[in-house]
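I have a structure I would like to understand better, so I am pasting it below and will then ask my questions one at a time.
The letters A, B and C name the chains in turn, as written, and every chain counts its residues from 1.
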Amino acid sequence: MSYKPELSRNWWLKHHYYSRYMLREATVLPLLFFCGCLLGALFSLTQGEACWQQWLMFMRHPLVVALNLLALIASLYHAKTFFELFPRVMPIRIAGKTLPASLMIAAQWAGTVFTALLLLVIIGGMI
Amino acid sequence: MNTPLKRSDEPVWWALFSAGGVCFAVVIPGLILSLAILYPLGLIDAGMLSYQRVHQLMFGNLWGLGGIAIAGAAICLPLFHAAHRIHHGLHDLKLAHSMVPKIVCYGLAAVFSLLALYWVAISLF
Amino acid sequence: MPARLLDVSVQRYRPELHSEPYVISYQVPYDDSTSVLDALNYIKEQLDGSLSYRWSCRMAICGSCGVMINGIPKLGCKTFLRDYPKGLLIEPLAHFAIEKDLIVDMSVFLQHLNAVKPYLIAGKDTPGDKPMKQTPAQMVKYQQFAGCINCGLCYSACPQFGLNPEFLGPAALTLAQRYNMDSRDAGTAQRMPQLNRPEGVWGCTFVGFCSTVCPKGVDPAAAVNQGKVASATDFVISMFRP
């Protein structure tokens, strides 16, 4: 008789490599909170100025700021993992040579930084 | 005779997941930074986020492309990205053994995406 | 000079004597060149002749001495006692059924390999009597994925295979991708139905540990996810086919 051990539900706690994978998957939880905030913004824009002011007040609540700070950290951790996977899933070959992964990762980070600066200019009138 | 093998519908969800993943990595950080961190800390002037200015930015300029872009890149696609990871996460935690979690995950993403697009549409017209 | 001794624990399972596995600890003398496989050979020859395990080449090419070492899948011949000063626990490869001691039943793995037809398949343009030429540029496309020695470490590293043994798994999907990318092969159409299944490439969630444990640097996670791109493309093409 052969013996087949069952994989336990907490398998992802048994090795830090698996825990980091679960952490990557869990980055969507704070993301959902921020998406909820944006849905609230769209709704309050349909309702008029008073409702929009309430949304702005909600966004200034310390607990909301804390959760969104967590969402920001989650988005950056997701970005790091996502950017590192991309060159492996879609290696780009130019003239018979594979583009170095570090170059592709740097280009993606440049995209994130550029978009952030663009949004700061548009939304905040900054820079 | 061999019975034909079942083709997975996963390419559809994977494509939405990937597109949402790009938005989550490229668009979301700057958006959280400006709207949810710098503004509450007073580093973005409150006048910049007045109802009139935001409404104009989102729906008044460029035929409302701003509002459509925000709904698509910061709400709809990230929601499908999140739905995909939660669906597979439930499987990883041995909590999903049927079609129900899949329908609930992608169904909710679809409902809230349509809601976002509906709110953009009524603001536009 | 007396040899240094290391505490080497081995998970034992003797179905004729016990209903469940148990752990026995052995004291093994070692120096800087003692591999885990050397330690197992020492235990079998000097301490306990009843220990069963697979091995052959001692040089990381036959792929038969894969075991879990402190919970990580590794080749016994390529892992050294000097790296485990606090001792180590050797267990059979995870996610497979244990036959006896460190010997697991690899038949699921072999069935999955077989399912993807991991060999060159001839097409109508294949010359029957002449050698099939390939340029270095054509070879480099699949070369990395061709290093697999079928040791099965990646299956023990893959929680998706652990959760669902029907999942074709890293090595089989990598070999499918390896032959699909080979300019001499005409078998992609025969392999795609296997890759397109829910238990094909779509069973993978890019945990990525398979690539970390691979003793030959094959990067199966990359191959499987390139397979997802191929399967998604195939999905779109199929919608336009009558």
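We take it that a contact is a pair of C-beta atoms (placed from the backbone, for glycine too) under 8 Å apart; a residue touches a chain by one contact, two chains touch by 3 or more.
Source: prediction; values computed, not measured.
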Have a look at A-C versus B-C and report the one with more C-beta pairs in contact.
-> A-C
Where centres are the averaged C-alpha coordinates, which chain has the largest centre distance to subunit A?
-> C
State, to the nearest whole Å, the distance from the C-alpha centre of subunit A to the C-alpha centre of subunit B.
-> 11
Between subunit B and subunit C, what is the gap in Å from one C-alpha centre to the other?
-> 38
Could you give the separation in Å between the centres of subunit A and subunit C, each centre being the mean of its C-alpha atoms?
-> 33
Shared interface positions of subunit A, touching two or more other chains | 12, 25
Name the residues of subunit B that each touch 2 or more other chains.
-> 88, 92, 94
Which residue numbers or ranges of subunit C touch two or more of the other chains?
-> 159, 163, 205, 228
Using the touch rule from the top, collect the residues of subunit A that touch subunit C in their complex.
-> 1-5, 7, 11-12, 14-15, 17-18, 21, 25, 85, 88-91, 96
Subunit B residues within the subunit A interface of the complex | 21-22, 24-41, 43-46, 48-49, 51, 54-55, 57-59, 67, 70-71, 74-75, 78-79, 81-82, 85-86, 88-89, 92-94, 112, 115-116, 119-120, 122-123
Residues of subunit C touching subunit B in the complex = 159, 163, 193-194, 196-198, 200, 202, 205, 228, 231-232, 235-236, 238
Sort out for me which residues of subunit C touch subunit A in the complex.
-> 13, 15, 20-21, 71-72, 94-99, 105, 137, 140, 159, 162-163, 205-209, 212, 219, 221-222, 225-226, 228-229
Can you list the residues on subunit A that touch subunit B in the complex?
-> 9, 12, 22, 25-29, 31-32, 34-35, 37-39, 41-43, 45-46, 48-49, 52-53, 56, 59-60, 64-65, 68-69, 71-72, 75-76, 78-79, 82-83, 108, 111-112, 115-120, 122-126
